[in-house]
Amino acid sequence: MKRDKILLAHGSGGELSRELIEEIIYPIFDNNGGQELLDSAFLALEGGRIAMTTDSYVISPLFFPGGDIGKLAACGTINDLAVCGAIPKFLSVGLIIEEGFPVEDFKKILRSLSDTAASAGVLVVTGDTKVVERGSADKIFINTTGIGIVPEEVSLGPTEISVGDLIIISGTVGDHGMAVLCQREGLSLGGQIASDCAPLSDLAELLVSTGGVSCMRDPTRGGVASVLYELARQSKMTMEILNEAVPVHHAVAAGCSMLGLDPLYLANEGKLLIFARPEKESEIMNVLRNHPLGRAGRVIGRVTSRDDSGKVLVETELGAKRILPALEGEHLPRIC
Amino acid sequence: MKRDKILLAHGSGGELSRELIEEIIYPIFDNNGGQELLDSAFLALEGGRIAMTTDSYVISPLFFPGGDIGKLAACGTINDLAVCGAIPKFLSVGLIIEEGFPVEDFKKILRSLSDTAASAGVLVVTGDTKVVERGSADKIFINTTGIGIVPEEVSLGPTEISVGDLIIISGTVGDHGMAVLCQREGLSLGGQIASDCAPLSDLAELLVSTGGVSCMRDPTRGGVASVLYELARQSKMTMEILNEAVPVHHAVAAGCSMLGLDPLYLANEGKLLIFARPEKESEIMNVLRNHPLGRAGRVIGRVTSRDDSGKVLVETELGAKRILPALEGEHLPRIC
Amino acid sequence: MKQTANKRQLAKLIQQVERLAPADKPLNIMEVCGAHTMAIGKSGLRQLLPDNIRLLSGPGCPVCVTHDCEIEVYLELARQRNVIIATFGDLLRVPGKKGSSLADARGQGAKVSVVYSTMDALKVAKNNPGKEVVFLGAGFETTAPTVAMSVIQAQEEGIENFSVYSLHKLVPPVLEALLLDKEVKIDGFILPGHVSTIIGVEPYYFLAREYHKAGVITGFETHDILQGLVMLLEQIREDKPCVEIQYRRGVLPQGAPLARQVMARVFEPADAWWRGLGLIPKSGLRIRESFRNYDAKKKFNIPEPYPNEKEESNKNCACGDILKGIKLPQECRLFGIACTPLNPVGPCMVSSEGACAAYYRFTEYGGGWNEAR
Amino acid sequence: MKQTANKRQLAKLIQQVERLAPADKPLNIMEVCGAHTMAIGKSGLRQLLPDNIRLLSGPGCPVCVTHDCEIEVYLELARQRNVIIATFGDLLRVPGKKGSSLADARGQGAKVSVVYSTMDALKVAKNNPGKEVVFLGAGFETTAPTVAMSVIQAQEEGIENFSVYSLHKLVPPVLEALLLDKEVKIDGFILPGHVSTIIGVEPYYFLAREYHKAGVITGFETHDILQGLVMLLEQIREDKPCVEIQYRRGVLPQGAPLARQVMARVFEPADAWWRGLGLIPKSGLRIRESFRNYDAKKKFNIPEPYPNEKEESNKNCACGDILKGIKLPQECRLFGIACTPLNPVGPCMVSSEGACAAYYRFTEYGGGWNEAR
Amino acid sequence: MCVAVPLKVVKVTGNMAIAELEGISKEISIALTPEVNVGDWVLVHAGYAIHRIDNEEARETIRFLEELYEANCK
Amino acid sequence: MCVAVPLKVVKVTGNMAIAELEGISKEISIALTPEVNVGDWVLVHAGYAIHRIDNEEARETIRFLEELYEANCK
């Protein structure tokens, strides 16, 4: 790694994040065999496979239309388990709180975490609370670690992706990212959009049970583009998406044009990006259309060929195909 | 809870921490049945009981004689599993890094975390990295969540404590707290003491296998005094310790007198506080004496009677017995 | 008010372009504006054009052309304990002479506030009375009036801890600088829509009159660009170069006189250094003496014109020739070796849609990915 | 140099105390110093003494006697954006009139730097040139010279953003104030070791001369306290009250003249308000006019003597009478109701070893735990 | 180089205005375009309206596209 | 009320000194006790030496304790 200081960009989910993980973190934790880039750990415990995953939530603002950091902390980890085919069961919660944080907000956040977990049938089973000096943290950080059970027959992941697989998104993209950005950049949403923040385990289980899913992801930080980019590299496939097919709420599109951003790079917190066997298309689309979290689901592309370096192409409104570039650094509003 | 703001003291392991946990956190996560005050979760998964525990590490300074935050993050969670009788197996690591944190330090910390886990036979299986703006976190925070297997026959905990149980400490108290404080307060240790930071799973397993342990704790934040206070309340027992019996390194004692502190309230990161059946005393003391982490182990007191409110008494050099008070707020150096 | 075309309309426009493309010789068309470069990149238009129509990406990303010596100056400012740098996000990752950027400086402790508007920068100043807030005024004629407004507002409201480090650049002078080269191979310009919103048509007249180059002020939708191209190709075919406005909903022939007045009240033209292009006379804006209290260069005593530092930072960067259509990126000695998108040297690599960056990413000369068709 | 006694020696000393204790009447012995109170509490000594020897805990914890109105003043200071409060950790949790402490203020955004020495407070000032660092000068004669030294050093080094909010108190005047009450039931004083290190024996002569009270300057080891008690009981038995020094390794009869000079250069005696005791003439220290630039009260224009605010904050607090041996904690109307260790009203509850706190924690009148024997 | 978005002005207060697109609204300055009224479309760059869009001119592009479409359908 | 600890001075540099106890050392000010030399024991309060301990006086307490012990053993 070239830089000797950690930058914001190292945690932004983009190019430098990958560098940090591949060049620093992975060589140190080299006990994972082939699964180094998977977000969740498959654990062979007696009596079955369980999955374990961890994430810290450091979002600002803490409260946003459609959710708060507590809901997010439950959804994010539950969804990470769900996308690897696990049935989420237990969560731990680690809280780091800046002194002076209002108790009322704290309660609100924990309640929403707890309610969200409960709604997904997940138990919060252990926790930890640290308080740090004012100025030593930004209001509140939450780590959730989840464990889930992986049914015997389930096997999802980038290596399962085949040429011909359809790429399906379970709904409109960028709602969460735009809801948060609007709050941060002083745009007013007028009730048009809210974060899509939701636990996806139920929908994911139904989808997996069709037997037609080869891989799933929840396209959070870095958005659909970053997940596609990462999966293309991991699966060594060329993927193509059709720009017009990607469902974008008109207000999200408007916000993006106001801030100079691209919805494909905005975070989602309640969407599944699904790689599906083409012969199961109608079954999978049926599951989506009949589930409250999948109604706006659409096929947005497909896996077209093998390619050692892996790449993602976008077919534009002109019918041209262009590369979908990786996000480098932070995804900031631009004036030019 | 009386205050409407979270204070430092809410995370200090003392009276206000208890208030926060009992009055705010527990009522929200009310799915734990009787184990609300246990630090680790026992999970009935198919095929056996596994334990899960989580802790965030926010220590300053990050590097101190005898260890660093990485070693601490491994030891702390491993030890929390070990004291509940579990064999630690897997760790997740959640990192929150302040931008600008030196990569070299980051590597050092992760290596030490990894090496420590490996030395205890524990695999780090999943992780997450977030970077926050400068000033939004204090250098680096680490969450580790651990899961372990609990052997069928093992049952440890405050409710297992009986009248007559011996109270045993596995070595000198306050080494970690003093090593860190000296660094913070500009005292120079002259190589006299180092943090005792160590994974205790091996020692704990040996102790548990004697069949004579009713409860164990690793007396970290708040020290031996706080753990005793908490266990007395949870077990509804009166406990007595003999002040002179508590092993204290002479340099720790000196540091305490220089800073106006009491070693019983200083943190340990490599000590077990053991409640043991008196008939197993010699077997347990044998295990301690033959283990590198237990050589200075001593019986420091015993459980004397049932008492609904629970209390801890200290027998002083005068032969008087006084109450061991709970820590209120932070344990700060005093001038008066 | 946003206007999008349907596929048939677009296909029709492409047909028109194909029809107008000369069969005999290749044409070099420069899109001056970075926003055009972005729009062209996103639409995939470049691949659909006839082979003998080459779109060159111009020096039209105002942050990419910020000279690396000036970057070192503001990085130095950023390191001062009492200073908060306020900046548009665009400038955050642009590296200076020594390879580090504002993002790096922030990582090392500098206070950097990313704003979306100068109004936010003024708020930062009001909220930090003990600090000096320096706004990095980067941008062309579109942005300069908004920065000028903030200086006027700071003066009116008596905000004394606010100043502007002017990095502003002007479009017509850089076009002229490119054209001065005898070897230049540009046939026409897709002229910047929003710069022209402010300056109107008159400043471009020299293109046709003095250099016999075609020019069309163009909007940013794909159909705008295609229509602009059609208009350019017609000018070229008929050999009647002039300045036309395709983007009539966004540009008046007279531009925006009030915005120009505001800009002229605060700024005056000055020679300016461009990354990869060197010193170009009267191609920048400096703050007038009457607003000297708001001029960071004066407030912090930054010597002008930085003797010894103003020589071209890397003589090997071929950006100048690339922008003139004389060279291709892979003909630069640094391309892909000392100069890559993560560690760019010249503006053509700094801009993620710059010619060098695009070649690096999308051609066999770069990272190994072939541009897709 | 630290001296500890063995069990036999301690047992022997206790026997001597028992032998000297009068059979007929109870004796009230006040340990003035909070450090004595702490040492007695930790040793469990109180329970081993004969029933008719009662140890009263005096007003000897300098932070506990800080008047709640003054706490409100420095909390107000702490809330000012430009102010950093530097303080000994002891003061952090002491609540003001409205129940909130510096720790609370810090939680609400105040900048509070906990220091172990005034030298550290000066460092904070040097490291924060843009801020005003106000050191809370709490403490008796032991601490005041160290604070005076920091003021002198600040002047010598030209540190202008440092000032002291003097809350300093003097021991002899408060003893006299207690003794002025006709009903007072104190027979002798275990006098403070380290205050006496500075002031020596002379300032205590009035105890014996004017009030016929015994007094022994005592060290802080358990055997010191026992020996001091023995000496006191001998004075009382022989009815020859005087001021003796038990703690000869720590106290010279003449005290520390240089430290007194330093203190007198910076401070002068002034009337002072004591929590639970009210206004006591000449019982505090204020910064002299010649150091007015370092006096936070002048720098921040804090009106003195705070008219309307200086009345006793809670008339129902019985601390005064408790300290005089006239009342027991449980006789206070607020005890255990409006006044508890987590939300203390008077100094006897603020101090964790104060009489009210001890009764609350360790007797049936408080939290329900019986004191163990 | 200069991103500017067409927004519709829904409120004017002195030099400031609220402008929106698809229900998303934003406070902008109209100090550079004081002629702007509620109902107008403006081009907004870096928080400032820099141009009041003339409806006639805007319709021009639409007309052009429509013509293209018809040409195509023929 | 005022915690002070006996420390042994191991180094003197102008107004400052290093003092230690059981190998733990600390920088202190001796501005209030300029008479202090290396080897002396001092009482340290809030970072300042406030008293140089006279060895004779210190031995006094030890003697007293020893006498107590002997009295007890008899």
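Letters are used for the chains, namely A, B, C, D, E and F, taken in the order the chains are written, and counting of residues starts over at 1 for each.
Please note the rule applied: a contact is a pair of C-beta atoms (placed from the backbone, for glycine too) under 8 Å apart; a residue touches a chain by one contact, two chains touch by 3 or more.
Fair warning: this is a prediction, and the values are worked out from it, not measured in the lab.
The chains that touch both subunit D and subunit E are A, C.
Chains that touch both subunit B and subunit F: D.
On a Cα centroid basis, the chain most remote from subunit F in this structure is E. Counting C-beta pairs in contact across B-C and across C-E gives the higher total for C-E.
Between the Cα centres of subunit B and subunit D there is a gap of 35 Å.
Chain centres here are Cα averages; for subunit C and subunit D they lie 70 Å apart. Among the residues of subunit D, those in touch with two or more other chains are 2, 11, 34-35, 61-62, 88, 106-108, 116, 139, 143. Annotation for subunit A: residues touching 2 or more other chains are 3, 5-9, 99-100, 133, 257, 334-336.
Shown for subunit E are the residues in touch with two or more other chains, namely 1-3, 21, 45-46.
Chain pairs that touch, as defined above: A-B, A-C, A-D, A-E, B-C, B-D, B-F, C-D, C-E, D-F. Interface of subunit D with subunit B (complex): residues 2, 4, 7, 10-11, 14, 34-35, 41-45, 47-48, 61-63, 88-90, 92-93, 103-104, 106-108, 114, 116, 139, 143, 222, 341-343, 352, 361-362, 368-369, 371-373. Residues 1, 3-12, 17, 20-21, 24-25, 28-29, 31-32, 39-41, 43, 45-48, 50, 52-58, 89-90, 92-104, 106-107, 110-111, 114, 118, 123-133, 135-138, 141, 143, 145, 147, 149 of subunit B are the ones touching subunit A in the complex. Taken together, the subunit A residues at the contact with subunit D in this complex read 99-100, 133-134. Note for the complex: subunit A touches subunit C at residues 2-3, 5-9, 15, 185, 257, 259, 262, 309, 311, 313-323, 325, 328-330, 332-336.
Of all the residues in subunit D, the ones that touch subunit C in their complex are 82, 130.
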